[in-house]
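Shared between the two complexes below is subunit A, which has subunit B as its partner in the first and subunit C in the second.
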Partner chain A sequence: MESRVDRVPVMNSRRRVLAALRREPVDRTPVCNPTSVATVELMDLVDAPFPEANRVPELMARLAATGYTELGFDSIMPVFTIIQESSALGCKIQWEQKDNWPTVKMREPIWHNVEDIRIPSDLLTHQDTRCVTEAIRILRQEFGDEVAIIGKTMGPWSLGYHCFGVEPFLLMSLDDPGKTKACLDRMKEVTIQFGLAQIEAGADALTLPDHATGDLVSGEYYARYLRDLHIEFAERLPVPLILHICGKTVDRMEYIAQTGMAAFHYDSKNDPTESMRIVHNRISLVGNINNPETLFSKGPEQVRREVYKNLDAGVQLVGPECAIPLQTTIENLKEIPKAVRDWHREKQ
Partner chain B sequence: MARTVDIGERLELVPMDQHCRNISLALYRQQIDAGSQFVVHTYSGLEGARQRVEFVARAMGVLGGMDSSSRDPVRLWFPCHAQHKMAVRRIFLEACKLPSGETLMVRPLTILDKKSNRTITAASLGNGIYGLEADGDEEGKAGRISAVAGGLVKLGEMIPSSESAERIAFSCGQPHDSIIGLLLIRALNVRAVLREQEIVASRGILSAPSAQKE
Partner chain C sequence: MAAISDIGNEFIRQEIEEYIERPEERARTIATFAKARPEMQIIAAALIDGDNETVDRLTREALAAGIEALEVMDYGLIAGMGIVGIKFRQNFIFVPEVLACARAMKAGMAHIEPILSASGIDPLGKVIMGTVKGDLHDIGKNLCIMMLRGAGFEVIDLGVDTAPDRFIEAVEEHRAPLMGMSALLTTTMPNMGKTIEAFIDADLRDEIKIMVGGAPVTQEFADDMGADGYGKDALACVELAKSLLGVRAR
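Take a look at the complex of A and B:
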């Protein structure tokens, strides 16, 4: 594939990321992390360990900044977990320790019916949501316009898993589509409110994970339940949105490309060339560098190979496929921007 | 300015050291002309972190028979300058299990195997070759020795003898009594070691809500 970067003046990280999200020319492909790149070693470096770094704004901002200052990525993404707003909604959280992710105790659902869904008045002032907005404010103040700051607001399908439990929510979607749609419709307001609060705090873009994952939910399901909601998010949240769905998702990329979202954060189970062909320049792609096998278990050479595969396919933004394992080596993470720079040098 | 350092290939990581404020400790490998060298490192600047790293390096020196220089006490190497990747990872993990200040001793080449109720002994036969023996009656003895030898092969990346199930060797052709003494205790139950490794490796990987084990 031809380089898209000829004769583009040098950009700073923020401009580079935002241009790529709009599929405009860039001076080089941005290295972007729509999800966490925190590791235990980086936590030590800046003395901002989990779980505190998920609950204290100063620590969250400090740890997130290392993605830019230490790893050389073009973005900073401070929302490491997927549970911040679920905590504010009242879900029970297992906060874990430094070396593990907090999780929602989904066996103790907080909602069972449509009528149960109530957005608490303190949704945006709760410690775990306010931590995110405060961290974004700190980062914006510290870095100004030099680097893209990406927030995160969970989609209603993911919130459904957290608040109803995975099995009850999936069974409801099979047994009662009308009720499921009514639930999604109510929960979407959480996505909107938390997203708007982060934009107001200074986020340049938002990741929107909605875990209609390839293993449990079909492409047809995505079209039935989520496509229209995602179109609505793209209309109501006035920054570029990066949809995140794990797993093999080529069967729904056509629908995803119709949503008007800026980018799709896609999994390594999808071939970059095939994915680019399907989305056909209607949405940018980002991600695809494998986490468990490559970034976590292999070395820089393999990381470089995957980066090159994405760049050769014309993928607009390069980065890990999902939140990286907390024990990932710094060496492997630094290899991503190195490989991107080398690829562009080789193409010149 | 970036504060991370390029100190080679990370071979092993203890994400939370219970003996020093839950800091992470890592073992890095560097390739120099003479062979492999290993560096114990932490990114933590907490009080006591540096002393902890130095203790772990000192413990590795004793437990694994590794050399170091007084000028750079966190840098180690084997006298043979070989990599012995699996063995050095195990030496590091065992050193991290010790609290700072613990008396350091080379582990003996003899161990009581509770499973077979026998004393198992390893003896250096020269050129990096070790032979295993066990006391007690003959019934089941050969099988147990073979299993322990297999454990040492796995944990220390040693070479099994094609002639005798009781003999194993280091690829460098040099003796490493300290490594054998250290690994012997784990070789009695390799499955437990592998299980422990799997548990540690599985922590810190974020799963989609639908894939979470509740």
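Take a look at the complex of A and C:
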């Protein structure tokens, strides 16, 4: 562990994040949330409220930048939701208000069969995908090489939930594995196209949420349906990829570690030490401070304890386990980089 | 006391041997299946296998042969779903498999329900279920509903994005003594508390037991918001429902 942080010259945030994603030495562990750090408090601070901050590039960039400028994280993530490309694909969205996330209306599926899957010609020019690429361009122009800008492109398993509905998609995976694989194979082009567009716009890395969580499907399912696709993404998207899967995932971390992705953003339901042992330096881990019970409900002292637990385990990038609750206090979020710096000071 | 050798169906015996570890659950399951006639054990086995077409056919055949609808439900469908719930809780199976079993249960119940309804046999209890306002996620709530129905409860499903007034209307309309609320998002979790407050404001809180659950919800949240109970998974929801209503399996 100490060799990872010893005698490394001071880095800026971008170099720190990219080095940690490559499992190279860093001057200190970077603080990163590859999902979302948007909160109501931050929206008010920069006058960039939901839902508009998910649809207007300038507002999206302004709110995203607060992760770096106000919280002191080492990365900026402008994609606060998981709905942008699903909206472009034709899913109905409930946009909600400032205090809630927009959500896909999954009970109104747009596809039922392989043949239904069509990638619209305006996938990358639709308001909700273009908003992301424009926001990345704005952020790159504003921050240059100072901070890591991370984009987000949804994996085909998550797109399956959105476009087919959760239950029909999961039932199809059991009833007709061949059809399911054919669907995933078609949907993966959405992941690739949107990912490449964000890279072209200036993203340093991409989060790839693909919610094959242990709360829904087995580890064997991950191996059967997704491991090869995730290997393909790692080969075709030429930036570090951060896989994000919520919930229990220790039973599939062995497979995830085989994908060639740079990092895995993992949930607090998984023990940091056990997770590090399983992935065994084949993939970086990012996480895993608990959202509902710690960041949302407790104070800085409990946040600090969880940061230390991850650092003691050797986790390469520390941050919240998932998109943080919108009502989380800035005080709790600022405690994460503070605790990271204190931990390193204590170790010197 | 019944022994596992009292169960004729080999598949059911294997399921119990392999998947049911808790002594009290094992004893209860063995006792149920030891009393079940072979036809019921075959229905239960098909349900555990997620084979809806076989459950559909065997249920029709059992009823045509004169077996009581209540017996088919209790010793075929509900008994089978009991094993499914335990396997799910213990991570031997996951949501796709449970969905297939619930589909099989539904195929059987399609023949049973009209008969029970016509003969005035009451369900184990009546439960209103819904995902709270602002939240469109329903897989957790739906799993609870499948398990509740699988245990013999009548469930009125309000769907997603359910406003407090809608819960109140449903409780009054159906005269239900129990309701369950689900939330997946931390942003919508507080709406559980708001719904409970709405029942207090409507002077109906004493007439309804309220249970809550969902990925971000904990016992502590449930206590803070004044719920009567918290279930951490679908099987816990069934046990909680039985406990809050003071009912036991038939």
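Everything below uses one rule, namely that the second predicted complex is superposed on the first by the 345 of 348 C-alpha atoms of A that agree within 3 Å, B and C clash if a C-alpha of one lies under 4 Å from a C-alpha of the other, contacts with A are read in each partner's own complex, and residues count from 1 in each chain.
Operating definition for what follows: a contact is a pair of C-beta atoms (placed from the backbone, for glycine too) under 8 Å apart; a residue touches a chain by one contact, two chains touch by 3 or more.
Everything quoted here is computed from the prediction, not taken from an experiment.
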Overlay on subunit A: subunit C relative to subunit B, clash or fit: clash
Touched partner set for A:325, first subunit B, second subunit C, both or neither: both
Winner by number of subunit A residues touched, once subunit B and subunit C are compared: B
Which superposed partner A:308 touches (first subunit B, second subunit C, both, neither): neither
Which of subunit B and subunit C A:95 touches, first, second, both or neither: neither
Partner chain in contact with A:106 - subunit B first, subunit C second, else both or neither: both
Touching partner for A:171 - first (subunit B), second (subunit C), both, neither: second
Contacts of A:42 with subunit B and subunit C, given as first, second, both or neither: first
Contacts of A:221 with subunit B and subunit C, given as first, second, both or neither: second
Touching partner for A:292 - first (subunit B), second (subunit C), both, neither: both
Doubly contacted subunit A residues - partners subunit C and subunit B: 99-101, 103-107, 166, 170, 215-216, 247, 291-292, 296, 325-327
List of subunit C residues in touch with subunit A within their complex: 50, 91, 94-97, 99-100, 103, 134-139, 142, 159-161, 185-189, 215-218, 220-221
Subunit B residues touching subunit A - in the complex, by the definition given at the top: 2-4, 6, 9-10, 13, 15-16, 22-24, 26, 42-46, 201, 203-206, 208-212, 214
Subunit B contact footprint on subunit A (complex, rising order): 36, 40-45, 47, 49, 69-72, 82, 97-101, 103-107, 158, 161-162, 166, 170, 211, 213, 215-216, 246-247, 291-292, 296, 299, 322-323, 325-327, 329-331, 334
Subunit C-touching residues of subunit A, taken from the complex the two chains share: 94, 96, 99-101, 103-107, 166-167, 170-171, 173-175, 214-218, 221, 247, 291-293, 296-297, 325-327
